[in-house]
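In the two complexes that follow, chain A is the common piece, with chain B as its partner first and chain C second.
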Partner chain A sequence: MRPVAAASDPTKHFFQPIIVCLTMASVALTLFVIWISLHDLSLMRAGREKFVGLDNYIRFLGDPRAMAALWRSVLFTTLATVIEIALGLAVVLFLDRDFAMKRLVRTLLLVPIIMTPVVVGLTWRFLFDPATGMANYLLSLGGISLVDWLGSPQIALFSVLIADIWQWTPFVILLVMAALESAPTDPLNAARVDGAREWQVTWYVLLPMLRRALAIVALIRAIDSIKAFDLFYIMTRGGPALSTETLNYYGYIVAFTNFDISYALAIAIILTVFTNVALLTMYSVLFPKTGDR
Partner chain B sequence: MAQLSIRSVSKSYGAVQVLDDVSVEVEEGSFVVLLGPSGCGKSTLLHAVAGLNPIDSGTIVIGDRNVTNLPARDRDVAMVFQSYALYPTMTVAQNIAFPLKMRGLDRRTSDEKVAGVARLLQIEPLLARLPRELSGGQRQRVAIGRALVRDPRLFLFDEPLSNLDAALRTELRAEIKRLHQSIRRTMVYVTHDQTEALTLADKIVVLKAGRIEQTGTPLSLYDDPDNAFVAGFIGTPRMNFLKAVVVDDGKALTTGEARVDISHLKTKLENGKTVTLGIRPEHLDEKQGVALPLAVDVTERLGSTSYVHGALPSGETVVAERREDQPRFGETITLRFKPGLARVFDGDGNRIR
Partner chain C sequence: MGRRTLFYLGLVLLLLAVLFPLYWVIVTSFKTTRDAFAIPPVWLFSPTLDNYRTVFANRGFLSAFANSFIVSILSSALAVAVGSVAAYGLAQQPAELRRAREKFILSLRIAPALLFVIPMYYLATRIGALNKHWLLIAAYAFVNVPFAISLLITFFDDIPKELRDAARVDGAREFSIFWHVYLPAARGGIIATLILCVLFTWNEFFVALVLTGRDTQTLPVSITSFLTFQGIQWGALTAAATLIMLPMIVLGILVQGQVVRGMTLGSVKG
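Moving on to the complex of A and B:
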């Protein structure tokens, strides 16, 4: 039986209308998008659209450029998330001791997060300039042959990845550091007394305690990476030779360069479904129902 | 030979001296309690013994090994924490098995030992649960199990019962006592609760502000305290302290109207010297002896006995035990005590014997 207080809780009159409005808005929009994706609406042929059923979705499956973009999105998201989490965690474990200027270091870590993506993208474009960039200058000091960071189809995606890692690893650091500071220290001492070496204390006791925080940060980073657009737009515009074109970016090109609105929306729907399935799988792996609940 | 010897250990955090030249000898198989108010350094000392807190100077010897500079894992001690300090992501069985796993014990022996400890502590039904699914008392049992499973040279308890409610505390206290009697292992136990100290210890070390005030058996601290701090800290309700003046060439004291014979003291005191007279509440319920008139304020009835709170004509407040009657507010009663049971302390709080 429900408690009386919950049944007659007057605060529901405040949040229920908002939930209804938001639900209606998103359901209506989603239905409208699906409806349009079932037509062949194109701004080049205004007024001549007709219902085409699943044609746009079938077209997607047979579109090599779309499939390559989807693969690139998966690759970029996986690499960015894994590297940012691993690197962020390593930095947090390293920073978890008292040293001079710790506060300064922590403040400096915030800088990449605060900077707007446009500035970050431009800065990295300058750094990666094959002739005048800092990256190649540093390589030349080490006597290593120069790299065409953004001009080579094999390398450009990884150059954007480097910029993304530079900008978002500090975010991982901040959240994991907060989790670390709120974690109890007695179990770590207990493990030391129980005979664990420092790496065993970290591996068996500390990391499992941080698992939930790491999982949440990984989810946030994965969602952000799938949607990444700004760095690609500023650094490479999907090039060279489409080598950095993610599915998100391809959808933008289809919509605003080719004006093929229906196909662009079909791509958006596919991306959304794909993302949701991937994240729900990830979520159920990270938060098993029988485990930490 | 002592199982643990702490020799001249000092430690300070910045300008604060937490441990000041502390030396303690713990005999093999004995139960030693470090007792003191919060901030006296008792937990710091225990952490130093465990190897979790480096010390500034001094030596710590466990068995015949100088462990002063060894890390915690090489000291072969087990510790039970106030916060239980269970590994939150491991089940009870995994928690208890952790010290064995760290020592590379094979799975089958480890499982047998865990089962044995679980049987001893009656936590067998809990083995598959996670710590957060347990009550406070169950968690502390698991923590004790994790300490027991390894058979270490030394058990350290850091206020293990402080987070439990009163009934559980009494129950687990008896259980720890029983455990010590059955396994006869050396245990060092930190607490601020003098009842725990008196009931558990073979030997109590009373600490105050990083220094040892007195070391001795529970009864010797109770009957024969070295100073007013120990006298006041041990025993509940606490000892009454009254101002008194030496008269009759050091043969007696006067406190208010009362005259207390102190001719049994070996130390000769000068006339006119001000001292403190300490009398325990249970010693104020005599049929004869020195009389003190008490204006009753409050009577606490505990069933088997009562405690009367009130004031003497001098304004000093006194707590006295009454076994037979229960005086009410406003009454004036006469308390009597035997001079031989009163303790005398000088102006610095040191005992005059």
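Moving on to the complex of A and C:
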């Protein structure tokens, strides 16, 4: 039936052209990006670029605004990932029982995830309005003095963080919930039969079973928060006084406000390398060699 | 009484936290300006459609709606068409080859959008393509193809290998197996992939912000014009926001089982 061996496997023709195209596009793009970052290319005076070597990268090291932005990216990403995982896990454990309308709750949890991020930003900007917003109204009910959510340099970053947590904690919940439901229940019951208390079952049996799912969702959230853009653009535009400018946002400003695309790409490359190193470190911590995979 | 009541109380609080912001935006879109800014907030009011009239009278918004529609449908259809052919081939490959491809696709997710948007912008200004729909469609198709491939592979994997073997015994060519056996069998998964691509493209902001011109602005870019025009017109803004997000919430709920699956593979989020 199969006269021709795998050497001319026709199914290869289905994916090779596309993979080759994607690879070539990626390689060409990478080379072009590196080429631009080694030159002094500005959109203000196109066609008069000159080779500057590593100047753009050296400039980064001596640029306090870039360093502050990098630190803010790290802070935002760490807080967002840790809080979303902790909160999401807490909700999953809380919902881990049979109750009426569980399916409906799951559907409703989907809503923030699929909501247009720009609309999420507008929504929270609306709620955080200092004079007429809901957040300050609730505070005033509790007799707490009003907060300038997006106007204060000490607070604005955390206000954006709240919006990010609101949008993405449900994602953690749904993903971990699915892992929990596909996990075997026998070990849990065995531990209970052996007389373990409920918190011991959760801590020593259930959490280790969820470790893989939690690690994956932590990686995804870390990757996406370090690149977060929409909420910052809509809610604060990096302000006030640059207090919410992350490195990704600074790169955008350099490219499309200052039109200094060489420096912007150097920033983007540094951000990519930094992200990769951070993720590899995170990966080796989350998946030690002896563990599963 | 006791634990059970406490549980349902917690559940209500959770749902309130998740849904209240959405509820408040939608409700505000039906309020008059006076009601929208009343302190304490007005919970019961006589609804008005004035904000929606303002939005529909805005020609920029209407053309952005058309742009978003055209760009997300075309780029997603293109990505799914190309992606399903590639996914069919990859699904027949040994595991280690596929894992290498998947790593490559995941690495595309790590790169910030800035990295590919800047060179595209630069080239587009050079050839004068900034205000063209095809530029945006091509950009989104490029981002959606790897996503479509990796999601479609998981659907093709669900199809029993016996179907393919049986067709081969009957002498069917690979392409006709793909066309007559796999495509019909994975129809649900293909539609889900298409819907997810449309959803991500419709919601995407960063690429659109950079690569659109006056005539090609998509909805997320267009709505930001309400932000700077004579301060913030919250009434019209909430109406526009409602119109932008509602179709995606409906689509997302239609394919709800696949949304989390899709998002763990990699998405076009900037």
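Quick note on the criterion: the second predicted complex is superposed on the first by the 279 of 293 C-alpha atoms of A that agree within 3 Å, B and C clash if a C-alpha of one lies under 4 Å from a C-alpha of the other, contacts with A are read in each partner's own complex, and residues count from 1 in each chain.
By our rule, a residue touches a chain if its C-beta (ideal position, glycine included) is under 8 Å from a C-beta of that chain, and two chains touch if they have at least 3 such contacts.
Keep in mind it's a predicted model, so treat the numbers as computed, not measured.
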First (chain B), second (chain C), both or neither touched by A:Pro64: neither
Contacts of A:Pro184 with chain B and chain C, given as first, second, both or neither: first
Contacts of A:Val91 with chain B and chain C, given as first, second, both or neither: second
Which of chain B and chain C A:Ile113 touches, first, second, both or neither: second
Which superposed partner A:Arg197 touches (first chain B, second chain C, both, neither): first
Which superposed partner A:Gly53 touches (first chain B, second chain C, both, neither): neither
Superposed model, chain A: greater residue contact from chain B or chain C: C
Where chain A meets both chain C and chain B, residue numbers: none
In the complex with chain C, residue positions of chain A that touch it: 1-2, 9-16, 18-19, 22-23, 25-26, 29, 32-33, 36, 41, 43, 46, 91, 94-95, 97, 99, 105-119, 122-124, 126-127, 131-132, 134, 137, 166, 170-171, 174-175, 178, 216-217, 220, 223-224, 226-227, 229-230, 233-234, 248, 251-252, 255-256, 261, 264-265, 267-269, 271-272, 275-276, 279
Chain A partner contacts - residues on chain B that touch it in the complex: 47, 50-52, 71-73, 75, 77-79, 81, 83-90, 98-99, 102-103, 143, 146, 150, 156
Contact footprint of chain B on chain A as seen in their complex: 184, 186-187, 189-197, 200, 204-205, 208-209, 211, 292
Parts of chain C lying in touch with chain A, wherever the complex brings them together: 7-8, 10-11, 14-15, 17-19, 21-22, 24-25, 28, 36-37, 39-41, 82-83, 85-90, 92-93, 101, 104, 108-116, 118-119, 121-122, 125-126, 142, 145-146, 149, 168-169, 173-174, 178, 199, 202-203, 205-206, 209-210, 219-220, 223-224, 227, 234, 237-238, 241, 244-245, 248-249, 251-253, 256, 259-260, 263-264, 269-270
